[in-house]
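First comes the structure, then the notes that go with it.
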Amino acid sequence: MKITVWNENRHEKKNPRVKEVYPNGIHGAIAAFLEKGGLDVTTATLDDPNQGLTDDVLSKTDVLVWWGHIAHEEVRDDIVDKIQARVLDGMGLIVLHSGHFSKIFKTLMGTSCDLKWREAGENERLWVVDPAHPITEGLGEYIDLEKEEMYGEHFDIPAPDELVFVSWFAGGEVFRSGCTYKRGRGKIFYFRPGHETYPTYYNEDVQKVLVNAVHWAEPVKGPKPIYGNANPLEQI
Amino acid sequence: MKITVWNENRHEKKNPRVKEVYPNGIHGAIAAFLEKGGLDVTTATLDDPNQGLTDDVLSKTDVLVWWGHIAHEEVRDDIVDKIQARVLDGMGLIVLHSGHFSKIFKTLMGTSCDLKWREAGENERLWVVDPAHPITEGLGEYIDLEKEEMYGEHFDIPAPDELVFVSWFAGGEVFRSGCTYKRGRGKIFYFRPGHETYPTYYNEDVQKVLVNAVHWAEPVKGPKPIYGNANPLEQI
Amino acid sequence: MKITVWNENRHEKKNPRVKEVYPNGIHGAIAAFLEKGGLDVTTATLDDPNQGLTDDVLSKTDVLVWWGHIAHEEVRDDIVDKIQARVLDGMGLIVLHSGHFSKIFKTLMGTSCDLKWREAGENERLWVVDPAHPITEGLGEYIDLEKEEMYGEHFDIPAPDELVFVSWFAGGEVFRSGCTYKRGRGKIFYFRPGHETYPTYYNEDVQKVLVNAVHWAEPVKGPKPIYGNANPLEQI
Amino acid sequence: MKITVWNENRHEKKNPRVKEVYPNGIHGAIAAFLEKGGLDVTTATLDDPNQGLTDDVLSKTDVLVWWGHIAHEEVRDDIVDKIQARVLDGMGLIVLHSGHFSKIFKTLMGTSCDLKWREAGENERLWVVDPAHPITEGLGEYIDLEKEEMYGEHFDIPAPDELVFVSWFAGGEVFRSGCTYKRGRGKIFYFRPGHETYPTYYNEDVQKVLVNAVHWAEPVKGPKPIYGNANPLEQI
């Protein structure tokens, strides 16, 4: 299984605080713990040639992890179309935090993916509401993050196929923080935390969730549907 | 409640057989039985000014019924965006038959919406699998259509929020024929039958389904979510 | 449509504080605002003959509202069986607060329906996560209850067909507070708040939710399924 | 992972035709291909001491496969309670064919689990409607069974968490043939085919489905929820 961690990698270049928290970029931090979990990982960023996502890279990627925020609009539409096609064909997709507003996530959801937000460094507690889900392997009843950005409901997404986490925020809001979807032959997991100025991706529980999610999103070698005009299987 | 029945209305102009079956257009046939059901109905077609969907029409429409087939690509992208925005804001949307490939349906689903098909005038039987659903009011256990085009699985849609009908086809296929979705504040119902050369929209059970569906899709005066930066409700 | 509000009505007899808050019983308070909402309401309590639920009462009830807590075990199994049969046959069921542990709710869910709880008179805020749902008609973005008992996740229920509300509690927990299910031809709504020592059922938003829920749960005159041995519809 | 295949094993004793098709019992046939798939399998039958399901057996079973038909009522209620408790605690459960009417399945579903049926040796075709599901690994677009008993809609089950297969029957019916559920920490898969007089469990696709299903249903080492009275995590 081949994992590609894509990051727009812009905050890291502009904001010394982010550079300090993630000296190898958010993608570097994520790749590091996925590799530690025994996975085969490559990274790609917006400023790489072809935005890091050539046809070759996409066709070889089994699970794509996505972090973006301030440069969603710069991602090329033709690349978004190719990512969508790969998801429908089976590639797993893990969308992180501010990736809720990425072109690819909005395209796959069909909704605005809008939400409430607040950057106040407040406490977030992600409660497991589906303890039968493989993404929760190795976790306790909740994940406690001392400081995070707040995302609050209403989160304008389709009702998730499975709701795995619900967040509590100190400021009074809740959020559907871990949501799974299937689109075509591909699996999608949205996971809320991961603001660029907090060390969220060093949290061991967050790391467990993402290692689990990548395994869960592994492509299934199920039937490849045949579309279009079809001969009858029975005499009509 | 105001209903707009939109039809691309091209088969009716080109194909005498269709003109014969639907002398007032498919939109005319649908509008007629919805009005008989006590609803306030207007029709709109692709060749009307602004493709029949001015901002004024859209803003006043509570439920939009959509039939299209050979001219999906002619529907203007800016109008599709406006329809999507209206659905997210609460407008109901009923997508019929070949509308599975319409821009608006594909946009709201996030998938290819592809399927198998065959035009062989074969028997279709739509079984009710959710008899608690208001869309099934007044029906028997199944709807029998003597001749219809076949649509077969795999149907590349997100798993429906509710699966109401499953079709059996004489040629050996099955299909998820009645599917509900919520997107934002709006409700969507996809209903499979309705090929242009068969008198499907004169079938009384099909008419019941569509009258029921329009009522089910009526906008809810629920909360209008507020998105964006939010002050805390509690002291942090 | 005929509504029956069933209450075990024991706290009211034993606890002066409850008697003070609900001088006509919790059932009386609920019946009052449902009637004000134009509904035809009867009440029934555990100490009535046949526990208030004769065959005649059940057969005439379109939607049953259920409040119970300390006397779940006293409800007769044969009556629970009859309620289940009526739900499967189309009767709506609204289960309130501590009714999560009622025999009828556990029977219809197939799970333990267990949860965390705490009686500390803390603030609960129920966020609407499905603003397209008719149960949210007339509400704002959230319902604020100054003092309530806390129920926390994990709530051991099947994933709801629709998740309408998620609660935030001051003490740090979250809860899936408004859940819909269909069982057979019947609709079920579980609504969390309503501890006996707090004036929750006088809250106007709570009243709106329950009036909406009763309308939503109204039986559908859909097909009555025929089970058992069946002749083929086609020549085999 | 330890698998227990439970079979009531009564048809095999009474009906020479069944004995002929399944000389080692249905449980023997299922155990054989699961073992071939590399799994650690034990069998148990109704006439074994303690109906084959001692506390020790249940506590060591990771996934329980269930086949029953004419002796559902003989299964002891206390054993059903223990199976339910084990499912809620994480044990996987695969319910086969006529097991739809088993006590354990009805208990976990909360519905009648009734359906239409016909024993006419007709053709069944199980279409994959969720090609992203791991249970479909290695399959083509459909599974073709030359002769099977018919089960037809309406199938009185809760809407499945995931619908994987839909069956087409030669006699004109359809059926939701592969359904997943989560209950507590456990996963459940219902799979329709497997009538005792047909060699269904020798079909390679059916075998693939069941091997896949057992892997899918493997218990997750997720959080073990703590229920009951809870101290606040925040100062109230």
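By letter and in written order, the chains are A, B, C and D; residue numbering begins at 1 in each of them.
Methods note: contacts are C-beta pairs under 8 Å (C-beta built on N, C-alpha and C of every residue); 3 or more make two chains touch, one makes a residue touch a chain.
These numbers were taken from a predicted model, which means no experiment stands behind them.
Can you list every chain that touches subunit A and also touches subunit B?
Correct list: C, D.
More C-beta pairs touching across which pair, A-D or A-C?
Of A-D and A-C, more C-beta pairs in contact link A-D.
Going by residue numbers, if over half of the contact pairs line up, that's a repeat, so tell me which of A-D, A-B or B-D repeats B-C.
The pair repeating the interface of B-C is A-D.
Could you tell me the distance, in whole angstrom, between the mean C-alpha positions of subunit A and subunit C?
Once rounded, the distance between the two centres reads 36 Å.
Averaging over Cα atoms per chain, report the distance between subunit A and subunit D in Å.
33
Mind pulling the subunit B residues that touch 2 or more other chains?
As it turns out, subunit B has residues touching two or more other chains at 125, 128, 130-131, 141, 152-154, 159, 161-162, 170, 172-173, 182-184, 223, 225-226, 233-234.
Tell me the shape of the graph of touching chains, choosing from line, ring, star, complete and other.
Contact pattern: complete, every chain touching every other.
Any idea which subunit B residues touch subunit C in the complex?
It is residues 90, 125, 128, 130-134, 136-141, 161-162, 170, 182-187, 220-226, 233-234 of subunit B that touch subunit C.
Hey, which residues of subunit C end up touching subunit D in the complex?
Those residues of subunit C that touch subunit D are 84, 88, 107-112, 114-118, 120, 122, 150, 152-154, 156, 158-159, 161, 170-173, 181-184, 223, 225-234, 236.
Which subunit D residues qualify as touching subunit B in the complex?
125, 127-131, 141, 152-155, 159, 162-163, 166-169, 172-174, 176
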